[in-house]
Amino acid sequence: MKMITAIIKPFKLDDVRDALHEINVDGMTVSEVKGFGRQKGHTEMYRGAEYVVDFLPKIKIEVAVSGEVLDQALEAIMKAAATGQIGDGKIFVTPIEQTIRIRTGESGRDAL
Amino acid sequence: MEQLTTSVDVLFILLGAILVLFMHAGFAFLEVGTVRHKNQVNALVKILSDLAVSTVAYFFIGYGIAYGVFLGFNLDGALTTAMSERSGYDLVKFFFLMTFAAAIPAIVSGGIAERAKFYPQLLATFFLVALVYPFYEGMIWNGNFGVQDAIESMFGAPFHDFAGSIVVHGVGGWIALAAILLLGAREGRYGPRGHQWAPSSIPFLALGAWILTVGWFGFNVMSAQQVEGIQGLVAVNSLMAMVGGILAATFMGDKDPGFVHNGPLAGLVAICAGSDVVNPLGALVIGLVAGGLFVWAFKWTQNKLKVDDVLGVWPLHGLCGVWGALAAGIFGSTALGGLGGVSFGAQVAGTILGVALAFIGGYVVYALIKSSVGIRLTKEEEYEGADLAIHRIRSTQEH
Amino acid sequence: MEQLTTSVDVLFILLGAILVLFMHAGFAFLEVGTVRHKNQVNALVKILSDLAVSTVAYFFIGYGIAYGVFLGFNLDGALTTAMSERSGYDLVKFFFLMTFAAAIPAIVSGGIAERAKFYPQLLATFFLVALVYPFYEGMIWNGNFGVQDAIESMFGAPFHDFAGSIVVHGVGGWIALAAILLLGAREGRYGPRGHQWAPSSIPFLALGAWILTVGWFGFNVMSAQQVEGIQGLVAVNSLMAMVGGILAATFMGDKDPGFVHNGPLAGLVAICAGSDVVNPLGALVIGLVAGGLFVWAFKWTQNKLKVDDVLGVWPLHGLCGVWGALAAGIFGSTALGGLGGVSFGAQVAGTILGVALAFIGGYVVYALIKSSVGIRLTKEEEYEGADLAIHRIRSTQEH
Amino acid sequence: MEQLTTSVDVLFILLGAILVLFMHAGFAFLEVGTVRHKNQVNALVKILSDLAVSTVAYFFIGYGIAYGVFLGFNLDGALTTAMSERSGYDLVKFFFLMTFAAAIPAIVSGGIAERAKFYPQLLATFFLVALVYPFYEGMIWNGNFGVQDAIESMFGAPFHDFAGSIVVHGVGGWIALAAILLLGAREGRYGPRGHQWAPSSIPFLALGAWILTVGWFGFNVMSAQQVEGIQGLVAVNSLMAMVGGILAATFMGDKDPGFVHNGPLAGLVAICAGSDVVNPLGALVIGLVAGGLFVWAFKWTQNKLKVDDVLGVWPLHGLCGVWGALAAGIFGSTALGGLGGVSFGAQVAGTILGVALAFIGGYVVYALIKSSVGIRLTKEEEYEGADLAIHRIRSTQEH
Amino acid sequence: MKMITAIIKPFKLDDVRDALHEINVDGMTVSEVKGFGRQKGHTEMYRGAEYVVDFLPKIKIEVAVSGEVLDQALEAIMKAAATGQIGDGKIFVTPIEQTIRIRTGESGRDAL
Amino acid sequence: MKMITAIIKPFKLDDVRDALHEINVDGMTVSEVKGFGRQKGHTEMYRGAEYVVDFLPKIKIEVAVSGEVLDQALEAIMKAAATGQIGDGKIFVTPIEQTIRIRTGESGRDAL
């Protein structure tokens, strides 16, 4: 079982979800995060004072998948999230040792 | 007929009082929107409590100092008489003038926001409204101490301040400056890593500006105090100065919402003094200059002088007030299309006197309070925010 | 001259109507700010729809019950005549009094917030404004059923309620109590893990309080109904009571923003009855007591009585209303500097009558609706929030 | 006596001006609450700057076009005279009428929200208020070009538009339609993945609606322009139409907060024309129809016509305005309980003329600006939001 | 050392915290997330237009625990968070290689 | 490749970023979280009712780093985030099995 964590541009969320849906991955957990990286933030201005907003709003998607679909899922995310512009984001894959569905107590692949 | 005139007089000045009372909500929201989120509640509570303390201070002491009638103590039965005579006109006149007096702490509030203690500030309010403000108010608007006579004999005309560019706004702004200097800048505002904070809510700030703007027409027009003295000119001059202020702030302030919403206020502060004598075109120019002055002076105060005046009340009320008083002497002259009867010299003299008394009076009050009970939150309280530190609740809850 | 007087009368009472209409926005925002975020939309829609239903109910039925003129049905051509006679004064008088009548559901709304169904509440509004409120209103303000005569013959003076401490606020508050008891507390409010919820937005709550406060001067002063009857005393007494309420709430409520912003309202509720007869110093005391009463009674209601009155409308309107009516009998006496003509006994009698009729009337209306169509959201709807459950949209969107 | 009448006239029309000025805050908040969060600041700044530009345009040009008095240029000393004669009544009349003129860009603003450039829009405002609006205003309200005479001779009565269902609202709404068509829909609004956006803040939207509603009583009642011409009928008809609008929107709009808060506005737009001649029961019907019309036409515009009118200003002002003008011809007749003196044919003729001139005038102005300096933000700016793109600051800060 | 990441229904947070408290696990980090899965969102409506809100608000709890308490902690969370209704959420267990308490520099189990 | 997850006090964010910047670690993802631990929350009060706010606002920083810089990065964060007061927070290190830059498809160290 692997956890895919993808940091993407906010307006790409729908595309990524559609892409995962097509390969039958429907469960995921999403959060709003602030990204720092090569892509730079912007400057705001109020009554003559500058405010540097140095982060960019990003979306973090966490999807737990079984080993077999991992590559397919990575592929899907990459394709859907890419714009080719700086700041498209990253994908990290980390190991999951145990997965449980709270409602039923099922574990492993059945829990997804 | 006489009864009708009296009744309409009561109505007239009452409408003024209601409109200026509403302006206090405007002060509150201008501050709510400008301060950081963690200080919003404090802004609201401060303005309301200040208003209550001001009323008491002015009722018992201040009004007496300015006009010789200590209503609250019912000396010579003044209060009892006022209750039924002339449909209670004198009572409503007190109400109207009280709303002006209470503007003083409301102006100061915006300058010292985000770091002042609560009860010491209420105490300062009491002294300002009971003593400092009415002292000068009485000189100018009630002829006390022969000051106006002296000015008139020197310059050929008394100091002309129809609705309070100096009496109210100037005094408020310069007291605020004294208070701000004694209080010091907010933690983190200046110094090597110092920075400014963007306003927590531009809609609330704009709401405050709108309420102030609308109420201001009561502030200016009803300063005639009697309906037969009403002047459409005052209304339209207020409009023109307001418009001038907006235009200057829009263009010079490059569409900055903070400037644009202070624009009308700058114009309206400046027009108070001469709204009954200048020409509408003159009013437009007065407003344009005031709007530009505010934009420039705000930046100058913040960046060059490093005075941490949160809402910019000194540039707004203090400096635009001065400009307004002087401008009344300029544009009020018949040469420039005004109705005349004003003297530039008198305007300079009255202004200097007002500014000096306000700054000194304000300094004394705040210095005394600072050295006795203290006026500043601790660093930790300031970091936590006045809402939690003083009022123990946050402005909004997550949903 | 006559035309002028008539015209100014129309203007006068119209200004009252406009100011009290504005107060309805105040009711709305006081509720928006106090309820949880998930019930904000419901607060807004409820107040506006209630106002519309109230107008219809009062136009066709309620006004007739109180004053014998069933305008909406144009009996004896009353409506047609009113259109052109005396510049339409009678129509605007209806408008003014309607805004009072519509305050009843607006008051109730704050007590039953966050859990009541929508249309059944509109139905209750209809009956309250068509029947319950005008029944008592007519007794007190129109001499119906000889009630005032009876009180006068018993106590030497009729029941004195100038602007409605009991007629409007008391009645509203006690109807609300009945409604709240029948509706029951919100899920999770009491019981082992029961708790209170902090207000969603103190700025909106404060905005509501400000609008109510400002509009109240129309509520009280324009209750004279004719400009020649205007009393500056009423305005200044309102001011003083408002100030007393703020001060008491600030100090007794320890700067709590919820108390501080209900302070002026408490004082203003209490001064309605006697604002035309008490002395401004008396008004100050009335306000101080009202402010303190609210702080104490709110906690008592919530914690001891376990009555889940969301905004505290029963302490505010119900109890401060009672205090105000009694206080008019005390401070209105010449012995205490008042203008006299009031009797404490009469005040007690009128108050008891009003409270009883309101509670019983309110109970009957809500009990009937409860047992027929039901008045309460389901647990799931309440958990989801009235905004989504009833209006299918949330108050704000993430940005 | 004469002085008193004059003074009260000044007060009367000034109160109207103040109330309608306040309505501009209402326009601002209605837009703030409806647009997406990233465009809130822009809504606020736009309305305020538009107001300033409108005043200048109308002072120097527009008022002259409508009424022959080019105040700003002081031709024949018109301005100088107006300063002191009749307590400045003529100046305040200008002020009052200017607040109507400035409603034009405020109406348009809501339709073109979230995608228009800033300065080009100010430019459009200038031309609309200097030329397009006053051209038709003068025809109808000042008898210019003999248009009213022609209508009267044809239909037996002139075009009756007491407070501007067509002159103000219709014209504003139809200009807006032209502007919206030239500007095009927002990115992502239509097309295969097109969708609508929920309002950023229903409380702010509701605040705007409340302020507009309250101020509207000044808009309608003070259209009498002189106190002795005041009609209680106008006030109560406004109330009834407002109530009808709320009821229709509540029931037909299924408690939708967006519909419910536009309901009173729909009723009030529609009642402007005939508020001085129809019967209150007629006014109720006019409001009911207007409320229903808005609900239906808004959906129709959005879904069938695919016109991206953000606030729905064309259905609200454009269509309800047309309905109101026609309704004045229907319900104003004595047969239907009205005061008579109106002709349905005249209403049709005046309406068609107004709608045509507005649409064409608006189209020409926006087409010229579009083809010269451009009126639309770039895709990137629109995506980023007008607040950051134009004003370089966001509406609120995280806390 | 293991990291337990639990996605639960928001109103179950207090219960879960109480349950963990009973087995002496007091430290945790909580965030608000949006969940996509079998449980469906809802539809909103504004002026005749429908808005599909397809996610559900969920709470993500992250608790680092030492190996011995892991099972106990999982048990506690499962019991406290379950309602038996769809959407109760998931638990993921992932390995932690190093744990440090910033204040003291302590590491491993001492850092918790 | 390791993922460093640090929970820190909000006002330390700038310091931590500066410290990481100095060792040339510029990319990171930040989110607002609520922390429970030894440091206690506060009590609010409204109209006589107490509200216990038992969590503390914290900032979660996630930084993916290659093995070589790990210790340096940990060191930097620790130094910059420490105030010595309770509640300074924790650092967790977890393994990353795969890292991808969405824009280019680069993986591993090149993806950072």
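As written, the chain order gives the labels A, B, C, D, E and F, with residue 1 at the start of each chain.
We take it that contacts are C-beta pairs under 8 Å (C-beta built on N, C-alpha and C of every residue); 3 or more make two chains touch, one makes a residue touch a chain.
Given the structure is predicted, the values throughout are model-derived calculations rather than measurements.
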Review point. Going only between touching chains, how few steps reach subunit C from subunit B?
Key: 1
Point to revise | Joint neighbours of subunit D and subunit B, given as chain labels | key: A, C
Exercise for review: Averaged over CA atoms, how far is the centre of subunit E from the centre of subunit F? Could you give it in whole Å?
Suggested key: 18
Point to revise | Separation of subunit A from subunit C, taking each centre as the mean of its C-alpha atoms, in whole Å | key: 53
**Study point:** Centroid distance [mean C-alpha coordinates] between subunit F and subunit B, Å
**Key:** 47
Study note, to complete from the structure: Multi-chain touching residues of subunit C, meaning two or more other chains, are 1, 4, 8, 15, 198-199, 201, 207, 256-258, 392-396
Practice item. Send over the residues of subunit E in touch with two or more other chains. Key: 31, 44-46, 51, 94-95
Check your understanding: Among the chains present, which pairs are found to touch?
Key -> A-B, A-D, A-E, A-F, B-C, B-D, B-F, C-D, C-E, C-F, D-E, E-F
Check your understanding: For subunit D, which residues are in contact with subunit E within the complex?
Key -> 195-196, 198-199, 253, 256-259, 295, 298-299, 302-303, 312
Review point. For subunit F, which residues are in contact with subunit E within the complex?
Key: 2, 6-8, 31-38, 55, 58, 60, 74, 77-78, 81-95
Check your understanding: For subunit C, which residues are in contact with subunit B within the complex?
Key -> 1, 4-5, 8, 12, 15, 19, 36-38, 197-203, 206-207, 210-211, 213-214, 217-218, 221, 227-236, 239-240, 242-243, 246-247, 250, 255-258, 260-261, 263-264, 279-281, 284, 337, 339, 395-396
Practice item. Name, in rising order, each residue of subunit C that touches subunit D in their complex. Key: 1, 3-4, 7-8, 10-11, 14-15, 17-18, 21-22, 24-25, 28-29, 32, 40-41, 44-45, 48-49, 51-53, 55-56, 59, 71-72, 74, 79-80, 82-84, 86-92, 94-95, 98, 118, 201, 204, 207, 390-397, 399
Exercise for review: Under the touch definition given earlier, write down the residues of subunit E that touch subunit C in their complex.
Suggested key: 11, 42-46, 51
